[in-house]
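Please go over the structures that come below.
Shared chain: chain A. Partners: chain B in the first complex, chain C in the second.
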Partner chain A sequence: MRGKAKWSVLVAIMLVMSMFLAACSGGGKDDSASGDKKSGDGKQELADKQEITMATSQDIPTLDSSKATDATSFDQIQRIHSGLYTYYNNKAVPDLSDGEPKVSEDGKTYTFTIRDDANWSNGDPVTAADFVYAWRRLTDPKTKSQYNYIVPTAHIKNADKIEDPDSDLYGKTDQLGVKAIDDKTLEVTLDKATPYFTSMMAFASFYPLNQKFVESQGKQYALGPDHILSNGAYKLTSWKTGESWTLEKNPDYWDAKNITIDKATINVVKDLSTRVNMYNTDEISTVGLSQDFIDEYKDSPEYNEFLDTSVGYLKLNENKVPAFKNPKVRKAIAMIIDEQGYIDQIRKDASVPAQYWVPKDFVSGPDGKDFHETAPASYFKYDPDEAKKLWAEAKKELGQDKFTWEYMTTDEPQTKTVAEYFANQIEQLDGVTIKINQQPWNNYLDRDTKGDYEIGGGAAWGPDYQDPMTFLDLWTSTNPNNTMGYKNTEYDKLIKEADNLGTDPQKRWDKLVQAEKVLMDDMAIIPQFQVGGAQLIKPYVKGLVHQSMGIATDFRHAKVYKH
Partner chain B sequence: MSGQNELITKDMFAPAEIDASQSEEIRRETVSYWKDAFRRLRKNKGAIAGAIIIFIIIIMAIIGPYFNKYGVDDQDIMRTNAPPKIGFLSNVHWLPFDGYEKGRDVYAEKKITDNFWFGTDKLGRDQWTRIWLGTRVSLFIGVIATLADLIIGVAYGGISGYFGGKVDTILQRIYEILVGIPQLILVILLIMIMNPGITTIILAIGVTGWLGMSRLIRGQVLQLKSLEYVLAAKTLGASDSRIIAKHMVPNTLGLIIVHTMFSVPSAIFFEAFLSFIGLGMSPPKASLGVLIQQGYESIQFHPYLALYPGLIICLLLICFNIFGDGLRDALDPRLRK
Partner chain C sequence: MVAYILKRILYMLITFFVIVSLSFFAMKLLPGSPYRNAAKLGPELVAQLNHQYGFDKPIPVQYINYLNKVLHGDLGVSFQYEGRTVNSILASKVPVSADLGIEATIIGVLIGIILGAIAALRRGTWLDYGVMVIAVLGISVPSFILAQLMQYYFGVQLRWLPVAKWDGIESHIMPVIALAVGSVAVIARYMRNEMIGVLGSDYIDMARAKGLSRPAVVIKHAMRNSLVPIATIVIPSLMTVITGSLVIENIFAIPGIGDQFVSSIVTNDYPVIMGTTILFSIFFLVGIFLTDLAYGVIDPRIRVAGGDS
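For the complex of A and B:
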């Protein structure tokens, strides 16, 4: 489970970054059906070329599905590759898996049948062995995948031992609980029942790889259009590093008849105002907005916004600052920060104040209700008077009057404004001085992992799979992400119990709800806001979807009309 | 016509009284080097205007922040992005001080009662206070970094030039190595080791800033020390310290002053550049560079955020350069009539 901490945060922050910076965002919550309806009116005709152009702030870091860690990479990989499942409209649905898998009664064995018409772009069929190879490669310590913790998180048999250097099974990937029964039948054995297992199958790290091809490419694998095979909706046809890349529809994809966009070009443009200009001159079809740009365009009919599922939060390091051990201090800090003001006046997008840790509109329980319909919708509120009262009591208990804390954040211009705002809010507590320390992202991660910070405020957490556990298991006392010295045995117990209750979803759900309550009563971390975004989409492009799970900008079923 | 016919007679002349002592009398007023230089400087209108503007900016940097009650980090999100408004000018709509933005009265919309002379930024902080405090920081960095330049550069160049020989060879090789490393790389490395802030920036500028000065001084000293009066002084047994104090320093002073006048604006500019690329002051403190960088982010929507700090930094740089130019003309003995 090592490395879980930092790399999940990475994905998280990249996700946030893409909200801040990237232009690659899709359309609100409307699905492709609305596009079809419009075309049915007969008012608009489909354009001759079903092509789409977008711009993003960042080049693709990697296309190797075992090594990718960030949102941009995962987006491209999910366009080029297909796995057993894929997300459509934030729901995991079978993709290469021919229907739902057979699940054994104890919930520990999954048997997938792979579609007969699933093929690689070189003509090879996609076989169960391709999955076995990919998963073993991902788990293999030699691959040095930074996302390999996802395999033990899925509770695949022996995965934790294979990744644990102290175990006898270290590096023995043939012991991994995945087996090709025949060419088209894949059997997965789990250590314990995992209710969210199928949703994890939509995660790009679990996508198959063609062993023959990957090994023939060696170090060149996934470095360019000639060095990667496609089995998904699109093929990579060109990739000019730092400039642009092009995706063309893969006619051999089993569902190709439903893929409507034939060609997508994605340009790398760092500056947001340049991207907005490109949008205004019809060079690109969609652009993500932030801050002032939102004010400028929010009345436009092309404007829409969406709520994502990552949560920005503050980490208070109890190991470095003894005062943070006092729950009153943590509560005072949480209540003194005006999140709503921040969102309304500075951020201006669809973010909402997070007075909870598991995001809303993220996952529904066995009863079909959203997590926060069962759990309270808010555990604390913005209340400066109450905060100051708590603070005065806390100061008396601590017997100290002056506090200087360091607020560590990343060095993006946007995070600077955020840090200045939050620091100023916390300084309303009498006697507190906050110093802002901006660190480059890698340094930030490094110090976060080592626990070398006082207040950590540069990260947001995004989910890896559709279950509250991806948020809640972070703060158990043994989780490497918990570098701030928080320990509550009751919380640890609840999480452990929930983890072992895979066969009883309702009971497990109750435990998770209880766990969040314990966490928030302790105010172990300070949730700030659930990240939202805003974007413009050209009126002649319909069905471009923003997803909070899976491909962030999903144009697989989009349509371009004449304009 | 008649004059031509008049004869010049002897009695028209009177013998002049020749007083030998008078030929020694100095008729022209005695002008010292500095007085002369100052006279010449005064004649240069551009330089005087530059000096006055610099003076005003310095005064504003000292007292400007106390003109209103706001501090450098007094945020209020209820008054974000308010355009500049000055009470008695608020009805003159062709001036950018009426509190209107894109035809809308932002002050009325946001119910802001106070006037912000230079507007507010996106956290609702008063730009007036931030700009003058920023100017103060920029000037401070410029002056201190230049002082460091001056001390190290003059000493290094002077020693190298005056003593010559092995000392010169070694010092010049060190100089060449330092000159070979791009300044920006050195600065970035330094900032990575230390925390960003005033001290780091001054150090970063000071580390390499003195190179130009040392080269100039060395050249000057090399030239001076081969002049006959220095040789004469040496022959008469003058010590090194006396030669340095009496001959070297006064004769290089003009050069030093002129070069200093040019390195102040370049230090200010370098700080602004560092802040602009994100290596500068740590928030919420501000320097002109930080303010311009923040203004630049929203220049399409709120141009005033970048305009005023930009204007001040331009004025500072131009005036320092014009004034430095004037000083050089005034102090350079070759221009002396």
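For the complex of A and C:
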């Protein structure tokens, strides 16, 4: 083992050297590398070839929008397909919808008009029936979609019953609240007013499908360039499974005039250091970084950071550890953890300490302000003295001096360091011993679901849609994710009220703000950090945007300059 | 001989059945579900899906259903890669791993034999020591270190070779070398020891006494007889490399089966786990069988008469 360690030090040294060499060789182009400001001075010309190459760590699990569940799939589907809405710079804006929809007084009926120039790549127009077909297919239990719960989440009429095996409507997709009034008019009926409904239309599961084509392909649908149609910015032109795929600009996309990149090739490269090497040899235009690589490239002009909308948190299982029922214990744990220290020493990326549960820079309220401009920016802080004081009181109340808790986490290589960091922090509470238990992801999930853990620290939660509810409804006493025995009737009531206040967005918003306050006053879970990331982007590629909602690496408005 | 082969084939079938059955039941002991979105599904939705896929039936029933499908040539559809049949996954990934493995084995065996023979013929000289130093390094330096060093120097620094990907002959060079070095080392050591033994034996003296030229003695007598033990390690090592080198495939972004197999286990992708297990066990069983037959071909003294001698 020692030998290996030395070798890896050598490799690391060489990688650092490579950074200097890369920096030297790029020295002449420093001006172009220093960000968008200087690119606007008109001196730079567009390159003749508008092509970019990227690398991801995994192949596309599926291009079938009814069956996709993961970021890689959703990213590609959103490049190839368009829906009523799409995200640009984390904001949902109309795409195939011709302007905003007409919304009925009670907020339950939406009427969308579909653009006249929206077409499939086989020449068929995109019609309202294409949406009806796609949504019914998604909801149909026979499709076995693992994301079909998004339909009842959007409150589309009868969706919950069609998906419920105990209901009379089970499987009766013709009862779903979606109707094609004519070729270009789509009417959606909801069970209750849903203020975030239009933003959900940017979610790829709700994108239209060409029924004739999908059915003609049968089991082959979406398995290759000849088995999928495009109605979006790009067409899939090749897909070598496990190796790479190619997207080329779709000239028939209604907004094609604003799409500059003609061709994007995406390679499957599992190993991060290989991806970095490919970036350094100009084989790819951008690469995401983590941990060690961040130290090496932090000062590079090509280094970019972004904040995402997932939140890492600890679950304290009150059912297994009676001491966790005591709010002072939970607060002491929250306040003894130096989250900033974790980010500085271990993550090193753009993550920020999360002293809240709904992430910041995620969603704005009816007043246009970020959730955390209305709600407090933080509900607790790192304060070891206060934590120890609370802990001393808690120990007295509990009448116990020694505690041994098991900290369950996943078994990826980096999670051990992470768990050790948090364990050490919590052990600063006098008399606490933490045992780390690493489990493969599937075991971890299994034990989490069954409530078979003491401290659960291996997961982060990412939003399904752009509303605080996607975070807040997780911890009601009946939600299956709440396996840690947290129950506060006031919290349950606030969430329920908010869910039924769709017609009064401001009042609903206030309830959600209150709910987060109750949750954090109880310290029902211990938020740790809001996930951030880091990437390198070649200086000659501008406008490549990282989004936390929609396409994660969005090159629709990117441009390649001469280099 | 025919009886022996038939008996061996029967044993192979039994072994194969045992492997498949044990793998199936062991796999079903894995906790969790094969669903990609399991983290967000919640227990009710998981139960619904389990029902739809038949995972709520007793395991022996699932096992019979599975065997029935396999006998009809249907290995099922992947969970991880929605809609892709296991057959198509194996068909696209195994040839790549096999290609890499066969190239690495051929290079490894050829170079190993030559180096081993040279070392034996020049025993005690700097050539011998040089070969043995290479052999020790080849065994002790992990292939991923070598792979990363090569990738950095020849790919990033000198830009002689592509950093990664399996695209054109020049992209084969680094992964094949990285994978071959281990077998070069093992085979060179075997070959050297065998050759030294053989060169000291009476029939070599006899051949020389008859006036045969030195190359004829070395190639026809010494090397041929030294190859018998090599045959015992070549086929199993070939089997190991063509079933995929997880590490080398990952470093060079080669779309082979190695990583697929590991990730199918991690994600509970039942059909892929079983399909890969079935294919690999066939490889190994046939490989071992061929190794046994190869003895007889290389060395007529070893007869497979099964008890008659």
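Worth a mention:
The criterion applied here is as follows: the second predicted complex is superposed on the first by the 521 of 563 C-alpha atoms of A that agree within 3 Å, B and C clash if a C-alpha of one lies under 4 Å from a C-alpha of the other, contacts with A are read in each partner's own complex, and residues count from 1 in each chain.
Note that a residue touches a chain if its C-beta (ideal position, glycine included) is under 8 Å from a C-beta of that chain, and two chains touch if they have at least 3 such contacts.
Since we're looking at a predicted model, the values are computed, not measured.
When both complexes are superposed on chain A, chain B and chain C end up sitting side by side without clashing.
Of the two partner chains placed by the overlay, only chain C lies in contact with A:67; chain B stays clear of it. When the two structures are aligned on the shared chain, A:302 is found in touch with neither chain B nor chain C. Greater residue coverage of chain A by touch, when chain B is weighed against chain C, goes to C.
Legend: residue contacts after superposition of the two complexes on their common chain; A:252 is shown touching neither chain B nor chain C. By the touch criterion stated above, A:124 is placed in contact with neither chain B nor chain C. In the superposed model, A:504 makes contact with neither chain B nor chain C. In the superposition on chain A, contact is made by A:436 with chain B only, not with chain C. When both complexes are overlaid on chain A, the residue A:273 reaches chain B and chain C alike. By the touch criterion stated above, A:446 is placed in contact with chain C alone, chain B being left untouched.
Our summary of the superposed model lists a minimum C-alpha distance of 7 Å between chain B and chain C.
Overlap of the chain B and chain C interfaces on chain A comprises residues 273.
Remark: chain C residues 30-33, 35-46, 48-49, 52-53, 80-84, 89, 92-93, 140-142, 145, 148-149, 151-152, 155-157, 159, 162-166, 250-253, 255-256, 259-260, 266-268 touch chain A in the complex. Of all the residues in chain A, the ones that touch chain C in their complex are 3-4, 7-8, 11, 14-15, 18, 21, 55, 59, 61-62, 64, 67-70, 141, 144, 146-147, 149, 165, 219-223, 240-244, 267-271, 273-274, 277-278, 280-281, 283, 440-443, 445-447, 449, 459, 464, 480-481.
Remark: chain A residues 273, 291-293, 295-296, 338, 341-342, 344-346, 411, 413, 416-417, 419-421, 423-424, 427, 435-438 touch chain B in the complex. Partner chain A is touched in their complex by these residues of chain B: 73, 75, 77-78, 80-81, 122-124, 195-196, 278, 282-284, 293-294, 297-298, 300-302.
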